[in-house]
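Worksheet: the structure to be examined is printed underneath.
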Amino acid sequence: MNGDWDLTPDASRKQRIGFDETIFCAGKTTDQINRLLRLAREANESLLLTRLDSGKFSELSGELGKCLDYDEVSQTAILGDVTVRKDKLRVAIVSGGSSDVRVARETARTLFYYGVDVREIYDVGVAGLWRLLEHIEELRDMSIVITVAGMEGTLPGVVAGLVPGLVIAVPVATGYGVAVNGGTALNSALASCSPGLVVVNIDNGYGAGCAALRMLNVMRRSRE
Amino acid sequence: MNGDWDLTPDASRKQRIGFDETIFCAGKTTDQINRLLRLAREANESLLLTRLDSGKFSELSGELGKCLDYDEVSQTAILGDVTVRKDKLRVAIVSGGSSDVRVARETARTLFYYGVDVREIYDVGVAGLWRLLEHIEELRDMSIVITVAGMEGTLPGVVAGLVPGLVIAVPVATGYGVAVNGGTALNSALASCSPGLVVVNIDNGYGAGCAALRMLNVMRRSRE
Amino acid sequence: MNGDWDLTPDASRKQRIGFDETIFCAGKTTDQINRLLRLAREANESLLLTRLDSGKFSELSGELGKCLDYDEVSQTAILGDVTVRKDKLRVAIVSGGSSDVRVARETARTLFYYGVDVREIYDVGVAGLWRLLEHIEELRDMSIVITVAGMEGTLPGVVAGLVPGLVIAVPVATGYGVAVNGGTALNSALASCSPGLVVVNIDNGYGAGCAALRMLNVMRRSRE
Amino acid sequence: MNGDWDLTPDASRKQRIGFDETIFCAGKTTDQINRLLRLAREANESLLLTRLDSGKFSELSGELGKCLDYDEVSQTAILGDVTVRKDKLRVAIVSGGSSDVRVARETARTLFYYGVDVREIYDVGVAGLWRLLEHIEELRDMSIVITVAGMEGTLPGVVAGLVPGLVIAVPVATGYGVAVNGGTALNSALASCSPGLVVVNIDNGYGAGCAALRMLNVMRRSRE
Amino acid sequence: MNGDWDLTPDASRKQRIGFDETIFCAGKTTDQINRLLRLAREANESLLLTRLDSGKFSELSGELGKCLDYDEVSQTAILGDVTVRKDKLRVAIVSGGSSDVRVARETARTLFYYGVDVREIYDVGVAGLWRLLEHIEELRDMSIVITVAGMEGTLPGVVAGLVPGLVIAVPVATGYGVAVNGGTALNSALASCSPGLVVVNIDNGYGAGCAALRMLNVMRRSRE
Amino acid sequence: MNGDWDLTPDASRKQRIGFDETIFCAGKTTDQINRLLRLAREANESLLLTRLDSGKFSELSGELGKCLDYDEVSQTAILGDVTVRKDKLRVAIVSGGSSDVRVARETARTLFYYGVDVREIYDVGVAGLWRLLEHIEELRDMSIVITVAGMEGTLPGVVAGLVPGLVIAVPVATGYGVAVNGGTALNSALASCSPGLVVVNIDNGYGAGCAALRMLNVMRRSRE
Amino acid sequence: MNGDWDLTPDASRKQRIGFDETIFCAGKTTDQINRLLRLAREANESLLLTRLDSGKFSELSGELGKCLDYDEVSQTAILGDVTVRKDKLRVAIVSGGSSDVRVARETARTLFYYGVDVREIYDVGVAGLWRLLEHIEELRDMSIVITVAGMEGTLPGVVAGLVPGLVIAVPVATGYGVAVNGGTALNSALASCSPGLVVVNIDNGYGAGCAALRMLNVMRRSRE
Amino acid sequence: MNGDWDLTPDASRKQRIGFDETIFCAGKTTDQINRLLRLAREANESLLLTRLDSGKFSELSGELGKCLDYDEVSQTAILGDVTVRKDKLRVAIVSGGSSDVRVARETARTLFYYGVDVREIYDVGVAGLWRLLEHIEELRDMSIVITVAGMEGTLPGVVAGLVPGLVIAVPVATGYGVAVNGGTALNSALASCSPGLVVVNIDNGYGAGCAALRMLNVMRRSRE
């Protein structure tokens, strides 16, 4: 008993919840990724790939690899063209330190793939509070603010106490000692006294992007 | 060295983030609550009180207690009149079992206080999946679906895989063994494969309501 | 004081509990595995080896390696011939995502080694619920359904609420953040509201197969 | 906004998975339990209630309370008549110490409610191994052995190494220090070297009973 | 074998480390506390008692109880007269919410007992950041700032990023869900990006006071 | 199905491992304890009872209660006469603070029951190190030193670095914050750099006594 | 500011507690180990080295390496001659599976270094209980039995229920899922119902050997 | 969407809290570090770099690397000249074992960078208590004592019980089993009975240095 098994792509996802199935590459072989890319290209469909490290990216079939818009920092790749629309509804991504950028960019790239214009404000952690306060007026005009922070994760609570939009916290697995693996950043965000702050899993930049998309899709539909 | 200290109410909260400071009663004495109620009545302001158990409610000053709309299940009280507006943007609250209702109602009352019309669908846990599936068409039309579930917390992931709106999970501290204190329900929601699901702290029905309000406020402003 | 020590194989295991001692290769040297294979071949006995990674497999003695039916995905090897019997009692293995297949196949190979015919249904996680629901009628006819799922581990509870057979959950150590190491998938399965769901250790595909065998053996004996 | 909400009983459960919805009383008010009992009596249906402590039992409506067969140790009550059938397939419940009996009896009562004849062997923990060994021959003839043990939870692994039937471990929240809340007993059972041992949540005597019922139902159907 | 045992007071503590042995009442009987009070009064020594709840206080010998300066909020009592000295070195205590006051006052009373003048600024949590920022200039002049905060514990990191003095964080066991028992507030403080923040055990208001005393004692000695 | 079940006393324990089965009262009803006492008295056997709180003790049958030597601090009772033998092999019990005495006395009473002469040295915690150092010469002559300490559990490592006898650490569930439930004291003892320190479960004063007895029994036999 | 620092060897350890300082190599550089070996050789002292992996061993100075009796399995090395004495007091080491041998041999080598004759009985885990029972009579004659077991750690509790000598449990970091890192084996041993079982840290084979030495030293002294 | 983002250095840190922004290199690329070094050199500013492992150091631009005073043990580098001032206020660093030196030196180098004269006393762990006691008189004269210890972390509590200065504990991630990752050393320090001990995150040698600097800065200002 040896052999292969078939994947069961979730073909109706876009129709059900408003976005395509994304390829999470961390648990997949190069062959599987090649196969999925080929299928998408034959069907003339665009595709977002996440957690595609540069080693695995360089192993992809040369022809397929060339079609991809690859971003090493966020370990994401995009197949197909993207058109970014300016929108009344605006999204900002705010990060604490330079180690959080890899996750912040996963969010940025996810929103970019769906044509959402994003404002990125990085390296404004609370240890030097003035850096954040300089941007507060701009952030108060945003529909959605996504905070990306590791270590003790103070940023989301401070932001959510200052801006009226939806604030989504992405805890990041940076730090050492009690901060290792992102658990402290996660719990800080969940326990925040600032009302109405919502949270996604540690390092889940993609998930935060999708949550923003759900809200943007609802708002677009509601204006139709 | 004995004596009293002053509270520092967050007077500008409504202006900053769109809603009033709510009185979280769990850590307060009856005297403190009476004082805050009196101040609000003198200023002719409305007020939402959460985690006000029936014992503490009955100890409040009789005159003040009579002004309150008290709901025992959710342990919330409302001072002042409420006008519910019908809106194009709709919110549903979905709960798993009968033990989750106390938290689901905290969310419902929070939204009611801010005049939001809410659809409540309770006791439709995944162990009898047909109960949820019967409501899916209705849920697919909602702008926001708030799931409230304890034990293993399967509900939010299943809902988020079926509806396009923003899905907010409130884990609940029900259950025993590994489910005790809500940690399993919390982690299940955070780790869900359904993209774009967001999460608040265990038992934080109030926080889920506030997150929905943030989104509704943004959407209302964007249509002005 | 240097030197070797003797292993004490559990020779009466088959007679006591109905199946042979399996070689768990993760903690063993190539020499130890070679020795055990040689003993089995001399005694003309069949043997199942688990957690035999491809590196260690390629280091085995060439002659012995050739006698093995090796499956890279599940990291299992089988010495000796296998005859699969069709049976009134049927077993299905259902997995959530493509990362769960390595564990699902460990179960499949364990049952295959004991001649049990298995139905494998992979990549039908709850994020796209329709994929599972398409198979429900087939699953309702099974005597045993083994679910294999990581991340938030929603699959076993949904399945156990829909089918009457024995449902055995194998949590899988896939995922990141709060899902890392499989603890969330494990606790979700243990805390499930669906009555009568049973659980084995994280990644213990072999153990789930053995549990199914215990039940099949009892049922076969009861019909003699 | 005050008022009541409706429960959504899982009416098709018996037809789907072979047993009725049981009333888990821990999270319910006396009024809710009275209402459910009345409905069952009007429909002439039998009913199993679990986690009904003696205080809550004595508060039930006198008329309804009298119809119940109540067992204080297991905190279970049964409405309706029960007929126990002798069966070729036999089930044993084995417990470690006297503190485990409350959980062991929850399993026994669950199986009794469904007419299953059960052999109860209590207080045979591994600290005095001879007590268990005296019963091994009898246990080797059982189709299913359910072990119920707290503290370090050695019992299930020892039993599963000695008998061929399906062995289901119920960890119990007894003990102090590192054993508090049953986590050590749970992990011991999950990590056992004895192959094919399956586990349910801590204190989930009811769940172990349901798992046994799933297997018995399959076996009965397979002989029809 | 029954009978009593003797306590071994740490008589040389003041001489070794600069302050007396304090009576931690949580683990002591009323008799033991009475005995210790009597000894101190006979020796004409002053005494600080912590964790003396009002129930236990009212059970103390009437004569002894009358000699005590008891503060119910902080559950502390002081035997003997206290003289507060104005000092160039100043200490502030800053707390997040009203539930943190019981711990903040334990610190305040400890410092009061040793004659230290303290500035108390309560209820200035980060959810309404302006409340804290209004006090920053004052806090920047302090030698020591002690922050007392539960929930997500954002306060110490924000303060330590804004003031040059020694900042000591006291995490508090307030909150629910992931914040329960103070673990999140503790880890937030330990993982803070603001350099040079130090931390004491959860609820250890007394310990923070003693740390401040160590620093004050050193500074006083250094000016002699 | 209601009724009683039989206990299975471990009658051969004394012969197997050198001491009687002790009655752990925490999980037993007054009736069960009465029954066991009566059996022991009829058989003219002595008996040790642990975790017998004063409430339960006062509920025991008056006649039986009067036969017991009860010690409230350690919550132990002894039925039968005890003869303490002076021995060349000496045992000391050393405790950190006054809250540890209840556990230290459980050890002392266990050894007393078996006729072992014990030296008790209490309240000599490491915060005032001189208290311990005063006793070091005496402790260096002991065959066994049992340390009983909660909070951070520094005592066993310091003692084991200073004395040549067997050192047994009993962690105690005293303290608050990170020390709550005794986990820190337990881990400190296990991780100690002092070689040859052994540890029992949190609060297991009885177990430490039994370990000492095992060693004393071996030593006595070896001299016969 | 660069440069070296001096180590402070614990020169009086042998005189204080009866054995030399051992070199724990895991945290040391090859240079440090070479230096310590050279010092010992010049002083004509013997030395035990633990956690010396084969890579680091091969990097030691050739001349020094040749003087060592190195054992790869246990990662221990001995400098100097060893004379094993037969003794009335006997020690056995019992291990569960083949992965536990590396730790069991660390204990064996530690005792060998101090001239203690040891009986090693390996691979007799509880999954095949007969293997252990075959050795029980022999084990009942031992003064000390050291059990070495990972996974669920059933072995120590079963042994301690059957033999009268001192039983020391060494939990081992083998296993996967909930058993990973040895925590389950540790907690099982600590929570065991078998009275008088003592425990050392996970993988601390050296510590168990030292504990046995403390007891043997006491016994030898007591016979002088 | 690809490209670069700007860092936002905390330029006013020195003025706000008294010391510069340090470069934590663990999360940065060689390019980022080169850029920051170049900026500092152009501005003629000094710079402290931490967590710069030797691999990354050797990859720095040759010209820049040569300007650095690099210390491999502590993985720190210093750009610019340092002048150490003798001061009435003295700081000591005390470490337990040789594995703690890497962290102790991070503290020492941080203080050296700010011109603070430091006394380093290493390898004086509590297992051989005399080593510490030999230094106590010297330590009693210090203004600040920083203890650096892994494993069970006994050192800070013993020191804080013996000296009057401020004692800062740095737990270290050394050890195995329950000590792994430094959690036991951290909790031991937090739970210590010695009053006024303060703690920083595991391995945070830099943070302990900064805390000392805060105190020294206050003391220097207070004498101006």
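For clarity, chains are labelled A, B, C, D, E, F, G and H in written order, and residue numbers in each chain start from 1.
Just so we're on the same page, a residue touches a chain if its C-beta (ideal position, glycine included) is under 8 Å from a C-beta of that chain, and two chains touch if they have at least 3 such contacts.
None of these values were measured; they are calculated from a predicted model.
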Original post:
Most remote chain relative to chain E, going by C-alpha centroids?
Top reply: C
Original post:
Which pair wins on C-beta contacts, A-E or B-E?
Top reply: A-E
Original post:
Taking each chain's centre as the mean of its CA atoms, how far is chain A from chain D in angstrom?
Top reply: 45
**OP:** Please work out the Cα centroid separation of chain G and chain H, and write it as a whole number of Å.
**Re:** 35
**OP:** Can you check how far apart chain F and chain G are, centre to centre, with Cα atoms defining each centre and the answer in Å?
**Re:** 27
Original post:
On chain E, where are the residues touching two or more other chains?
Top reply: 16, 97, 127-128, 160-162, 177-179, 186, 190-191, 194-195, 201-202
Subject >> Inter-chain touch pairs (all) >> reply: A-B, A-C, A-E, A-H, B-C, B-D, B-E, C-D, C-G, D-F, D-G, E-F, E-H, F-G, F-H, G-H
**OP:** Note which residues of chain H are touching chain E in the complex, please.
**Re:** 16-19, 22, 88-89, 143-144, 160-168, 186, 190-191, 194-202, 206-207, 209-215, 217-219, 222-223
Subject >> Residue ranges of chain G in contact with chain C within the complex >> reply: 69, 71, 82, 97-99, 101, 108-109, 112, 120, 122-124, 127-128, 130-131, 174, 176-180
Original post:
Hey, which residues of chain C end up touching chain G in the complex?
Top reply: 1-2, 5-8, 10, 12-13, 16, 21, 26-28, 32, 171, 173, 181-182, 186, 201-204
Subject >> Contacting residues of chain B [partner chain C, same complex] >> reply: 96-97, 125-129, 151-154, 157-158, 160-162, 175, 177-179, 183-195
